[in-house]
Every structure is written in structure tokens, then in C-alpha cells.
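Shared between the two complexes below is chain A, which has chain B as its partner in the first and chain C in the second.
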Partner chain A sequence: MQNTARKPHKMVSYSKYGYFFILPFFLVYSFFMIYPLINTFVLSFKGNGITSDQFVGLQNYQFLLFGEEGQFSAGAAIQKEFLNCLGNTFILWVGNFVIQLLLSLLLAVWFSDVRVKIKGTGFFKVVMYLPNIITAASVAAIFLMIFGNTKYGAVNSMLLNFGWIKDAFPFINDAWASRILVMIIQSWMWFGNTMLLLMSGIFGIDNSIYEAASIDGSSGLHTFFRITMPILKPIFIYVVITSLIGGLQMFDIPYLLHEGRTIRPTLKTAAVFIYDNFHTAQPNYGYSATASVILFIITAALGVFIYKFNTDSTAPKKAKK
Partner chain B sequence: MEYMSKPAKDKDYAPSAAEKRYKRSILIQSSIRFVVCLILSIICLLPLYIILINSTRANSDIIVNGLSVLPSDYFIENLKELNNPEAANGMYTSAYNIFYGYLNSLIVSLGATACAVFFSGLTAYGLTVYDFKLKKAATTFILCVMMVPMQVVSTGFLEFMIQIKLQDSYIPLIIPAIAAPAVVFFMLQYMKSSFPLEIVEAARIDGSGEFMTFLRIALPILKPAFAVQAIFQFVANWNNYYTQSMILLSNDIRMKTMPMMVSAIMSIDTVVDYGVKYMAVLLSILPIIVIYLCLSKFIVKGVALGAVKG
Partner chain C sequence: MKKRILAAVLASASILGAVAGCSSNATSSTASGANSTASGDASSTTSTDASSTGGDESKVETPAVELKDDDDTLSILAWESNSDIRNMVKLFCEEKGYSEDKIKVVAQGSNGEGGRDQYPQYLEGDGDADLMCLEADWILQYINDDKLTAPLSAVGITEDQYKDAYGYTVAIGTNEAGVLKGASFQAAPGGFLYNADLAKEYLGVENPDQMQELVKDWDTFQKTAATVYEKSGGKTSLTATEGGLWQVYQANRTKAWVVDGKLEMDTATDFYDIAKSFKDNKYMAGVPQWDGAWYAAMNDGTAMGEFASTWGLTSGKGSMLSNFTAGSDGGDTAGLDAKFALCAGPTSYFWGGTWLGVSTKCNSKTLAKEFIEFFTVNADTMKKYSEKTGDFCDNKTVMKGLVDAKTNKNALLKDGQDQFQILYSQADGIKMDGIITKYDSKIKGFFNDSVNGYLDGTFATKDDAIVDFKQKVKAAFPEITVE
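Moving on to the complex of A and B:
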């Protein structure tokens, strides 16, 4: 308003409108994200269950990270569970990420290969992205029925009918079978997405570079490691970061992939731990808030680390030019 | 499709023995890759095919043989059984209701999508068209918080919602979509590349108010970006089991969304009719698959678009 007053006539300042346009975003973000984030920090210093109103200082952090004296104490039990959940998250993420990345990298390179064309690329892309848009809750249900524990599960019934196994194999109840199943499901859901992301990076590479390389007699593998990968690095880092952050939040599939009412302890992830602790009749806000804060710190640290790693190693190259 | 011009150049070469050998090796490689892609596509579609086929089969059939290549004729029966309030002591209808499932998921998804797309457009417009003191700070903030996942705030979020009595309401599922940093970022990128700022000046000279300029001139230009984001937001919200099951705490079936109903019917283990369960799952994914089949080309393009720009 002052601006308008100082510069009368022709010049009208519109800058105040900028604030009006971005106001709804920041109001809603403060109310539904920033305050809840602060609230999470506050709750992490408070008690659990019936003692939710009491201030307990760093006790939750101490319990989750270092446990408590005495084998049967509450702190020791919750530490064991939390560390188990962190371990599961890590195992499931690594397995899923390795399968998914190798597959999508291979496909991305194939689909954008100028020399060797594959028929029906458009169709393949559409089909391979399909699993990504299906509701994760339904995906869990689908695989739960296909890999059911009993002889009524689709795969078990097929294997039994062929006489390849004598008793039904508990795909869901077996610790490692279920973990591998989750890895496969996650890869099944996400490889199409990752492939499309990587492809967009590869298509961004100037074709003349490939032409120059082939004139210089560069082989396919050589071209991949010396040209495609270095140029693909930023988008590769992006894929790693998003997958990592997504992996730390992994919830739907591990949470829903169980028969009956109890969640498989070998599939409990950090996100399941958080959800489980506040989604009960007498919520343990303290534990779940503390776990949230720890997850937040891990996420932020990993993000910063990978970002730094990326910029540090590319900086000298730019300097040389 | 610029690379299409390359084979034309190849024609200029005189075909030699080496050339022929090269062409044959290319053909072999291409065939191998085609077969691998075909197998992967089958893996992608197989679970869905199994769901589709088994939803047409009777429970007695599925128990004897869990897999079948051909459909049976029990589709209507399974559908009826799923909606039969007397079947399995009413357990199916108390866990799963197609009408409320579709309606509630649609309300939440459409509401959240409309909020996300419209207000992100508004925010991006404000950050692009106007120059103000906090512009840079606001843009940087939005970019920084883009990656903050819901899980890390969910405890504080839920506790806060219960305090202000918003649990069991769709408000916490719809209104927060107004602040969608990733969508704003996409819109910002889109506006940078395809929104001429002169048009705003021209509108001002013609006497258009600032908000009217946004509605009448910016919105139509931003339509393609809106469409891409609308699809992805709709799918993301339809599939969002985590937030929905976190907020909707009551057992009232009339409030539940589709993913919650699927998980509810899957946890019934005392009475098992596999045909009915397969049917329930099929119905839950059907709308999304239909949308995908209609818009697949558009969606596949959108994923890459979002990546290059985001």
C-alpha cells in the first residue's frame, strides 16, 4: 500500500496480491503440517497410555534407543520391538530396492536404446506401470490370497495338485518367505515407476554423444558405464532419495500382509510401529511420537548425505571445465 | 521421437557381410529383449488376471483348485453373496459395502484432488506473477518440505485432530490437500516454461481484477498441468489407506473408504468364502483400472514429465 502511495498514477504495485495468492497454502500447511510436527516433538517428551499427559523428559528416547535395566521391564521390551522394526524396515527396503533398481535400469536402457528397438514399447510401458496405480491395500489382499498359508492359497493349491510339495508352505507365516514376498510385491508395484523416471533421464541425454561414442568404437556396456550412468546421475540420486524416503515409510503391504488379526512380527516396519502405538484404545503417543522423530532425523540425514555426496563428486568435474 | 531419423542414415551405407551380421545380431538382441519384456508384462498382469478369474468361480471350486485359466459362471452369485446381509452372519455386509465404499472414496479423492490442484495453481501463480519480499523464501520453503513424509507428523496430526474433534470426519482427509508442496512445485515448473507473463499485463490494461485474471486467463492456460496432477492426486488419494484408517476411527461402515473395507473383509477369518473375497478385491480396484485404461498414455507420459520437472 505504501508503494502505491509513493508512486502515484501510472505505477501500481501488485506485490501485495502475491501474499493473497500464497496465503491459503501457508495457512493450511501451518495448521495441518507444521503444528502437527511441533506437536509430535512435544508428544515425544510425554508419557504413554494413561500417563499421556505427564512430562517424562527424554525417557521415551532412552527406552526406544537404549532400553531399560531388567529383562522384563517395559523399556527393554519396547526397545527390542523398535529395533526389530527398524531392522525389518532396512531389510525390506534393501531387498525391494535392489530388485527394483536393477530391473528398471535394465528396462530403461533397453527401451531408450536407439540401435536395438523393441516392438510394442508403448504397450510394455503401460502394462509395467499398471501395478503402481493399484491400491496398496488391494495389492496386499491379492497376494495374500495367491500366496495363502493353507492349501486353499492359489499357489499352494497349484503346487499340491502338481505333487511338487506334500504340505502347504506357509508363505505368509514363514519369516523369510514373507519378507521376500514383501520385497517382490514392492518391486512389482514400483519398478514401472522407477523405469519411467530413469527413462526420462536417459531421453534427456543428447543423442550426438551416443553417436560420437559409437563412432569411437565404444561397446554397449562401455557406453552404459561411461556415458549413460554419469549423465544419469542426478536423476539416479533423485530415484535413490525418493525410494529411501518411501522405503522408510513402507506401511500398507507389511501392515496388511497377514492372515487373521495379528501383524507378522517379522514384517513390522518403523511406520507400522508408529501406527500401532497410536492406533489402539489407549494410545502410546509417547513411543509413536519418539519413533516419528527418530524416523524424521534418519530421513533428513540420509537425504542430506546423498545430496552432499552427489554435489561433491560432480563439483570438481565442473571446475575442470 | 528424434532418434527415428537415425535408421534412415543407415540406409546410405552399402550392405556388406559385416553389415548383415550386425543386422542379424541386432534382430536377435531385439527378440531376446522382447521376450523378457513379454514375461515381465505377464508377471504384471497375472495377479490381476487371477483376481478376475477367481471372482467368477465358486468357493467350492477355488478350494479344490486355487488357479484356473478359464472363468466360471459364479460371478453374479459371488456379487450377490457379498451384498447379502444374511450371508456369513452379516459379516460381509458389516465389513464391506460397495455403495458407501465407492461414494466415500470418491468424496475424499475428488475433494482432495480439487483442493490440491486449484490451490497449488493459485500458489504457483502467486509465486510466479508477483514480486514480493518473501517470494524467494516462500519458494525455497516449499521445495524443502516437498519430501517431508506424512508418517513423521502423523502422531502429532492425529492427536491434534482428536483434540479438535475432527476424527471421523473427512475434513482432515480433504483440507490438508490445499497445501501440496509437490504439486505446487510441478505447477511452478510448468508456469516457468509455458505461461507468458505479458498476458497478465494485458489483462490488467483491460481492467481485469487480479483474481479474475487468474480464473479467466491463467486457469485455461494451466489446464494441461492441472489434468496431469489431477489424475495423480486422484489415484494417490483413492489409494491412501494410511491417513484414512488413521483418521476414520469409528466402526461405522457408512464412513469407511474402499481400501479400509478391503482390509476389513480380508481380516474375516472365521468364515471364508474365497469367491466373495476375490470379488471384493476386484471391485475395489476396478474404478482405478478403468481410469488407467482410458488415460494410460497420458499417465505414463505424466510420470516422466513429473520426473524431469520434479
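Moving on to the complex of A and C:
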């Protein structure tokens, strides 16, 4: 710094200080983000367990995606496990996503509709956002208490007392009951968040358009599909893509929602698979890293697809501007 | 000029901000000269005080691993639900007159499996770790890894100090290279814990000896189970969990899970049928193990009994017996009636047990030695430990003395029953060495999942369940041959 001050030039360039300012971020970012990212790719070409140090080329990808000959070969075993997890991820994501989006869209439209005039929207917004603030661990614990497998679960004990069922229904152990439970929990936790995003989008729409539509005698449904949705599209796509990314990385609730000590196989998501293989004393780094890369590619591809698919129709509009 | 100063201040502020996490324990880490990467638990565990110990480095011998001795606190890695270690620390501090701040229990994971998976990550950080608790199911994984554990000789403890210990505990604590790396403070024989009130009501049983007659072998056991279910009008099953049943059943295994790198199911395949018949006939309540429902079921009489080994029978808070009595995990037992009693059960068996290992990061050698000797070598203090907690200490002479004296009274067992009388005869029969492997913990988990999956209908047939089990093992351990 002293050097620059001594220079005879009258113009002192401050531009380089900008780099000093952003340096800390890039240091932290490259150390905590770029390096792990690259390392994940590197690890995906390495072995598992005791062979974690050896390069195995594309073997992990081959095993996870295409399996291997023989019922009890490493490739076949890990493929079955991985495909099961990937399947669960999609089931849970789609289920959670559909409920969540429909609910939040409906509520967002109602809350922002000038004609409906719901009182205390601020209160509702807060209340509906609240589940998102509770940590996943607590949510899982609450739902485990309510839907416990045995007669000690709240719902089971109620149903048993009413005499509606003879034996306790295993809500947590049953494949579909537990999946639906996860979908409901995830939707319940996130619909408030999605609703706020959509509402802010809807509030951005010029009120005069709605006025004009109502003068022209447009019905509520018509207004929604012809005015709200098209203008809301960019926000909507954003919501879909972020939900996609979040949904495919779903981890906490499926990981926590089990009784006893092991995670339910019907709830194991891809993220749980990654964690499971990574987080043992003799880790299968290769499988974990490969699954991460595959998940990354799937997420990226779906994201691009949704973006392309939805932005084409709006392209001419942009051209007009 | 002002701008430049402002810029410098802001820049340094932002850099400071980026490493703010480290500043809180900067003082302690500079003292020990360690790197200052802040890890989650660092603030609670690193209290390195280099200045207090000066020239205390007495070199007794030249061990292969050189450990430091510049810390006057002891950190012991354990898991949340390990109630033994907390009782031990309390006793140790009381007897030695140390303040309890001196010994820290660093809990990693909520249960043994959690500890198994989370120790390595903790050890990677700069948190203090001198000793670690290692569970029977996965101790071999740790003592065969020289990066994680140091030999006991590194703190000055030798194998000939364990002449009175149960042979199998020493054998298991010795790694493949023949180096002693783990010392157990408990031998883990088990018995059948049952609800004495219900036994009296449904079976007319007055004392543990009569109960033993009714559960002396598997045939009688099942007959009794049928009686209990019938007499209670379908309300009570004789046992609680599949996991408990397996623990006893596995005592008749002759082979380890993995022999010469190959998965051996041995008699485990038959267990599917046994568990199924227990479940179908309601001989077993079928509640999940280690869960609130388990403790509740044992407490309210949905299940009449459960298999429990020494660490489950201590009277301290958080043990299985204590949780059964309270009806909840970690519940308070004060003022509650002791309604459980113990008998030997159909076969003698062992279940778990915890070893103390020395971390390679150990920096308080003297204290570590003191602690290990207190619980695994010194007969007087081991006797005190057993008397105080009701744990079955790993010393034949001490246990013989306690059994002969008949002084032990377990506050949580009916009429203050002395569990040592029953466990002592079982302890000699434990043959654990040679049939445990470093894979056991995970394999046992997969196996229990597979059996439970068969019981709850996830797998249509036993064969499906077995195939799934084998594939799970292969997926987790690619190096094991599975057929």
C-alpha cells in the first residue's frame, strides 16, 4: 500500500482493492466448496472400503448404474441398494412436490386476491411458515410419537381404543404409509416457504390488469389461468427448480423417521445412501462420491429440462420488449 | 488517506470474520501449538493447559507409540446412551478426590453404532481424546487400525496385569498383530430378566429358581410363553424383541460371521423360522429394540421379560433395567417399585461389553493409565465399582469374592436380588474370541433388519430376506465374499 502512495502518478487506482475485498470469500469458497467438489469427482474413481486408495476407473459408475453379473456380486448388491434409494427419492419428491405446490399455489392466490379479502393474512403467513422453523429432528420426533408403530403411538392407541382396528398398524414400518407420511411432513414443512415465494410473485402483478379482467367479466378460474399463471411463470419455474434440487437431496426426515436403530429401507433416499456409505468407520468413499455425481447430473439435467421447457413459450414476449 | 485506512480496517475485519470460529479457542490452541481449525466440539473439550505441567515426562520404557503427557484432563470418547462410563467417571473422581471437571466424557453419537461411525470424524478434528470406549461388536475395527488406537503399553500397562481377567476379554482386546490395545472393565454374561409380578400372576412363580425351571431350554421356554399368552388373555408376551432373542440364540453359533473373508451364516438361517414362530404365536411382543416403545412395553406388561446382560442390569440411570422400571428412556426410577427379577434363561450367552482403548491422540498418559488401572487392574477399586454400580467387573477373584459374600443388592431388582449369583455361573462359559470379527456390528444390524423385514412382511419369503441380507453385506463390504 505504501508503494502505491509514493508513486508520482496523480491518479491512484483503487480498483485492485476490490480484489482484496473479495479475496476472503474466494479463499473460503475455494477451500470449502471448490476443493470438496473436485475431490468428490476424484473420489468417484476410487475404490471402496479397504481399497479406498486405489483408482478403479469407471467401475463405481458401472456398478451403481448397471450392476454386475451374479446375484451376490458387489456390483449387483450395490446397484440394487442404489436404485432402491433413487426410486425412493423420486417417489418421495414427486409426492411431496405435488401436494406442496398445489397447496401453496391455492393459498397464495387466495391470500393475494383483492376480492376475497382474507383478514389477518400476516398472521396466517407466520403460522404457515412456522413448521419450517422447527428443526427436522423435532418434527420427526413429533411424528414418531403420533404415528408410532406400536400401540404406544398416539394414532394407534386412539384407533385401538375406539375399537376400529384390532392390531396396531405399523405406520412407520409399512412401505407406503411411511412414504405418504414423509410426503405429508415435507409438504407441511415447506408449503409456507413456497407460498411466500409465490405470493411475492403474485403481488408483483399489476392490479390494473386484474381490474380490467373483472370489468370484462373474467371468472376467477379464467383470471388465474390467463393472467396470474403466465405472469407468475418465472417465479414458478424458480420454485419448481429449487424444490427439485431440495427434493432430490431430501435427507433429514427420511433419515430420522424410524423406530429402533436402522433407517427404513423404503425411505432411504439417495442422500441417505451417500451418507450411509460415507459415514461408517470403514467408508465406501467410491460409492458415496459416485452417487453424489450421479445425483448432481440428474439434478442438473432435470433443472435444464424444466427451464428450457418452460421458458420457450415466453421467449417471443421477451423479444417484443 | 482516510479511505485507505477504512479499506484496510474493513479488509482485516472481513478476514477476521471469516475465521471468527477459531478465535474462541485461540488461547487454548496456541498453548498446545495445535492447528486452529474450529471443530464443533472443540470449545467444550479442549482445555489444554500446557503451563501447569512442566518436567513431568518420566520415561519408564520405550513404547512403540510415543504419547504426550502434557494435559491434566482426561477426555473419554463414548456414546450418549453409555451409562457405564458416566458412573465410572463419578466413582473415579470420588475415590481419587479429583474434581469432576478433570474427566470429560465426549459423547459421539446416540448409541454404540453412532460412536462407531462418528469417532473417526471427531479424531480428525483437534478435539481432545485420550481414551475411547469400544463396544464388543466393533472393537476389532478400531484396535486393528494403528491410526486410531495406541497399544496399552504406550501408557505403561502390560498384558501380565490381566491374569485375573476373563480370558476372552484379553483375547478380544488383542489385535491381529498380538498387541494388547483394549482393556475391558466388564465381563458381559447375560440372563433373562422378567417381571416377577406377572410371573406370579400367570405362572405362579415365587422366585427366580422356579422361573428358571420354566425357561431352562427352548422347548420349555416356548411352552411357558404359550401359557403366559393364554393366561393373560392375549395381553402379555413372554419376550419383547427380536434383537434380544437373537442375542441369546447366537450363543450357539460355532462360526464367526466372516471366516477367511467369506460370509458365513451358520445357524443364523434357522433363526428366521424361530423368530417367525415367536412372532406369530405372540411369544414375542415384537416392539422395536432401543426405542421408547420397548421400555413402555416392558413397563406395562405387554412383554413379560427380556434378555439382558450385565451392562443392562446396573441400577444406574439409563441402563436397560432402569429404563424398563421407569418405562421410558432415561426416566427417573426414584420411588418406583422394583418389579423385575433375573434368572439364567435357556442358554448361557454373552452380550456386548465395553473395552477401554487408548487414542493415538492421547496427551495425558498418566491420568489415562490411572483410569484404566482403576477399572481393569486394581482389584480393590474394581470391587468398589461392582458394589457401587452392580456391573460385572472383569476380575474373576473379585467377582468370586462378591458372589461368596452375597452382599450385593440390586435396588432395581425384586427384593434386592443379587444378579451376580446368576451371572457368575454364566461368565465362565463365554467363548467370544474367535467368533467375533470387525464386521460384526454392521452385519448384525443388517441381519436384524432382514429378520424384522421377514417378520413384518417386507420380504415375502425367508429366502428373499436372506438374499437381501447377503446383498446388504456385500454392498457395505465389497471385500467380503458372499455366496
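Structure notes:
We adopt the following convention: the second predicted complex is superposed on the first by the 306 of 321 C-alpha atoms of A that agree within 3 Å, B and C clash if a C-alpha of one lies under 4 Å from a C-alpha of the other, contacts with A are read in each partner's own complex, and residues count from 1 in each chain.
To be clear about the criterion, contacts are C-beta pairs under 8 Å (C-beta built on N, C-alpha and C of every residue); 3 or more make two chains touch, one makes a residue touch a chain.
As the structure is a prediction and not an experimental result, all values here were calculated from the model.
When both complexes are superposed on chain A, chain B and chain C end up clashing with one another.
In the superposition on chain A, A:Val28 makes contact with both chain B and chain C.
When the two structures are aligned on the shared chain, A:His279 is found in touch with chain B and with chain C.
When the two structures are aligned on the shared chain, A:Leu248 is found in touch with chain B, with no touch to chain C. In the superposition on chain A, A:Phe224 makes contact with neither chain B nor chain C. In the overlay built on the shared chain, the residue A:Phe90 is in contact with neither chain B nor chain C.
Applying the stated contact rule after C-alpha superposition, one finds that A:Tyr152 touches each of chain B and chain C. When the two complexes are overlaid, the chain among chain B and chain C that reaches more residues of chain A is B. Contact with chain C, but none with chain B, is seen for A:Thr51 once the two complexes are overlaid on the shared chain.
When the two structures are aligned on the shared chain, A:Ser73 is found in touch with chain C, with no touch to chain B. Residue contacts after overlaying the shared chain place A:Val116 against chain B, while chain C stays out of touching range.
In the three-chain superposition, chain C clashes with chain B only at 164-172, the remaining stretches of 2-10, 164-172, 182-190 or 236-244 being clear.
Of the residues of chain A, those at positions 14, 17, 20-21, 24-25, 28, 148, 152-153, 259-261, 279 touch chain B in one of the two structures and chain C in the other.
For chain C in complex with chain A, the residues that touch the partner chain are 3-4, 7-8, 10-11, 14-15, 17-18, 111, 113, 116-120, 138, 141-142, 243, 287-293, 296-297, 302, 442, 445, 448-449, 452-453, 456, 458, 467, 470-479, 482-483. Looking at the complex, you find that chain A touches chain C at residues 1, 5, 14, 17, 20-21, 24-25, 27-28, 47-51, 71-74, 76-78, 80-81, 148-153, 170, 173, 175, 259-262, 265-266, 277, 279-282, 284, 287.
Touching chain B in their complex are the following residues of chain A: 14-22, 24-26, 28-29, 32-33, 35-43, 103, 107, 110, 114-120, 122-131, 133-146, 148, 152-158, 161, 188, 192-193, 196-197, 199-201, 203-204, 207, 235, 238, 241-242, 245-246, 248-249, 251-252, 256, 259-261, 271, 274-275, 278-279, 283, 285, 288-289, 292-293, 295-296, 299, 303. Residues 2-3, 6, 26, 29-30, 33-34, 37, 40-41, 43-45, 47-48, 50-51, 54, 62-67, 119-120, 122-123, 125-127, 129-135, 138, 142, 145, 147-160, 172, 175-176, 178-179, 181, 184, 204, 210-211, 214, 235, 238-239, 241-242, 245-246, 258-260, 262-263, 266-267, 269, 272, 274, 277-278, 280-281, 284-285, 288-289, 292, 296-297, 299-300, 303-305, 307-308 of chain B are the ones touching chain A in the complex.
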